[in-house]
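Pasting the structures here.
In the two complexes below, chain A is the common chain; its partner is chain B in one and chain C in the other.
Moving on to the complex of A and B:
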């Protein structure tokens, strides 16, 4: 039963569009699946390998701009961005890894934070390549209907889920967790920590970049402030994983559902809606104090909590 | 035949000489005990041999190859494993997963790694505790987990940093048996230990450090009767 649950969930998600959901609900579904892809990617690096990144918007943006620039400069379909973003983000991640992965703990986090900001400013100013703040607009979208976009991101999510599960259960996964738990111990067990951290960063970046390339195709418009956003991308990525459950398979998916719905709900509250980041901040504090392993990670704790309430 | 040759090794931290011109060999298949008062430079020497520090002067050879300057993971791959005085278990992993992670150094797939981990856990008497999250292990078992993890990398040479400290008498006997069995497998051992009875009974050869310098070297009997050693170290123990 437990083994079949990923397939079951994929099947349920796959039939959802057939129910004739409104365009708005399809949009929400697409966002949930897209955020779970980004969350899974971050989780591989931050959750399993213990390298907390505050700059995943950089990889998302590089993926998004790969699509955008291919379309804008080479006049080919922005869909080529999906395969080609793999190369672009991988190369970019190797460079970033070379610089940032010699830093440990909080210094690595700060390094990635800086990297995200550097990329946003660069994208704003390299107008010859990125069109700067004007952004890149796709003249025509591939489909007016959202159904096919949903199936594409669902396919990407399933592939990412399977790939990450395979990685985590292999030698790579053990090495990542060993590095997270104690870098010196890992090093003395014959683990080349620099190399394996670079591998984790690159895999994580590539998956995030794929989501970025998808975003360009789906939304049809990108600019630096959107795709390289610190609070709307980098921080939300961390929240998705923290809320859902760090270093769990299902955490990013659960976190994505909660974060996307929460964002939509809070935004629709009159007057207070603009302050949704404040609510996110409060939520993060509550989660860190009471559910440090996230909803999936602290499920036994949650069950106990509700069990007690029921009997009382 | 010397497995490890420490040749004129000095290590400075700023103006402090943690090690000064230390030279000795470790013979294949033997147990070398490294003793000395607190702060004598024993752990620093381990860190130099295992690659965490590069020596400021001198060199370390492993099977004839110079290894000083290499990273710990490279040295481990060449066949040298170590344990830590302050134990470093991979806390949120089970005992079994800790050992599997290190078993992956020499085997490629998970089944083999698991098999090797089971064997190692049986050998070190931790098999019953395999599913315990290592954060929850008592100190004695954590020390043994360190040994198990080092053994799972299938080393030729093992560095043990105070693997007996803080053990109760029963655990002590068990650990001594484990060390003897490791030696019986043909693995060369270098061990730091404060427990004099243990070190005198298991070591083939002893090196004494004091203030970063080698003050004596010889068989346990020679060390016991060396006036310099008695003054620097054993005298204090006997007087206490």
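Moving on to the complex of A and C:
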């Protein structure tokens, strides 16, 4: 049962569009699945390998702009961005890793944060390539209906889930956890920590980049302030994982559901719409103090809190 | 080089130096907290933003000069910092979690709340304090008639620079000459040894967080006569403070001063010769270069020089 549950969930999700949901609900579903992909990617690097990145918007943006630039400059379908973004984000991840992985712990976090800002400012200023603040708009959309977009991101999510599960359960995954627990001890046991951290960063970046390339195709418009956003992409990515559960398979999905619904709910309350960062910030503070491993990670703690017995 | 080019270069260097002095003050606040607490305060720029709004409110409702409002903003920020450290940062330091960087993420949350509250109270419009000396400047040709080149020195910039210098000097005096300052430095060097020497480490941490916040609040008051103010300005200054800290060397006050000056001058050069929009990239180019070539920061270079002599 436990082994089959991810496939069961995927099957349920795959049936959902057949129920004839409204376009708004399909949009929410797509966002939930997209954020779980980004969350899973971040979780691989942050949760398992212990390298907290504040700059995942950098990879998201690179993926998004790969699609956008292919469409805008080479006049080919933006869908080519999905395979090609793998190459583009991997290159960026290697460069960023070369610079930032010299730093440890919180300094790595800030290094990646700076990288995200560098890429945003570059995208704003390199108007010849990225159109700058004007952004890139896809003139023709592949589908008007959202159903196929949903299946594509669901497929990406399934692939990402399987890949991450395989990685985490392989030797590579144990290396990652060893690095997270004690980098010096891992090094003294003969693990090439720099190499494996770079591997974790690149894998995480590539999956995030795929989500970015999908975003361009789905939304049809990108500009530097949207795809390289610090608060709306990088920090929300962290929150998806922190709220859901650090270093768990299900955490990013739970976190994505909560974050997307929370964002939509706050937006629908007229006077509080502008305050969504306050709510996110307070939620983040509360989670860190009371459930530092997230809802899935601290499930036993939650169960104890509500008096649910294990046998029940 | 023609005299016109020389003029531009010198003017750029002057404004870079003045900017660098203010940057140094922001960097010192962060480096102090980092040294003692071993955490990065990512709400640093947001605290500065709060200080700037305090100065703005004092100016627009009571017509108090921004420079005088330091006397109110700094103690207020001190209290805010103490409260944040006591009720939010300290509990998190004790929590056991998978990711050790929880405190850093916590400060991001604090920063988000602060800037969002500022947006709700003051709206996201750009604000300024139109002081009457805002555009005053001293010109070189006024003092030296035969001068081949023309240079100017903006009055509010220079006054802010002098204030920043005075605060830095005062801080240096506090850290090196007073008992409290020595206890803070002891805590930064070795927490356990300090504890055994009878230093109340817990209190020093709370006090340092307050002090760092007060310094950056004062920096905010110095910035507001020459800068504009909007709720999201904090993030940018957090990054500046961080770059200065890396450039100078972690936890080093001297490093922060030198790093701030270098960053100010470099940023000024990029915006003059490459373009205004590229200044942030120049900032991070310095950051990346520092990481690759002098990972220990300027302070490590200074130390090596001293040892080899």
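As a working rule, the second predicted complex is superposed on the first by the 307 of 312 C-alpha atoms of A that agree within 3 Å, B and C clash if a C-alpha of one lies under 4 Å from a C-alpha of the other, contacts with A are read in each partner's own complex, and residues count from 1 in each chain.
Here is the rule we use: a residue touches a chain if its C-beta (ideal position, glycine included) is under 8 Å from a C-beta of that chain, and two chains touch if they have at least 3 such contacts.
Source: prediction; values computed, not measured.
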Which superposed partner A:124 touches (first chain B, second chain C, both, neither): second
Chain A residues touched by each partner, larger count belonging to chain B or chain C: C
Partner chain(s) touched by A:278 [first = chain B, second = chain C, both, neither]: second
Which superposed partner A:47 touches (first chain B, second chain C, both, neither): second
Touched partner set for A:76, first chain B, second chain C, both or neither: neither
First, second, both or neither for A:184, with chain B first and chain C second: first
Chain B versus chain C as contact partner of A:175, first or second or both or neither: first
Touched partner set for A:192, first chain B, second chain C, both or neither: first
Touching residues (chain side chain A, partner chain B) in the complex: 169-171, 174-175, 177-178, 181-182, 184-193
Complex interface listing, chain C residues touching chain A: 39-40, 42, 88, 91-92, 95-106, 108-113, 115-117, 119-120, 235, 239, 242-243, 246, 275, 277-278, 280-281, 284, 287-288, 291-292, 295
Chain A contact footprint on chain B (complex, rising order): 50, 52, 71-74, 76-77, 81-82, 84, 88-93, 97, 100-102, 104-105, 108, 110, 113, 149-150, 153
Chain A residues touching chain C - in the complex, by the definition given at the top: 46-47, 50, 52, 54, 99-100, 102-103, 105-107, 109-111, 113-115, 117-118, 121-122, 124-125, 180, 230-231, 235, 238, 242, 246-247, 274-278, 280-282, 284-285, 288-289, 292-293, 297
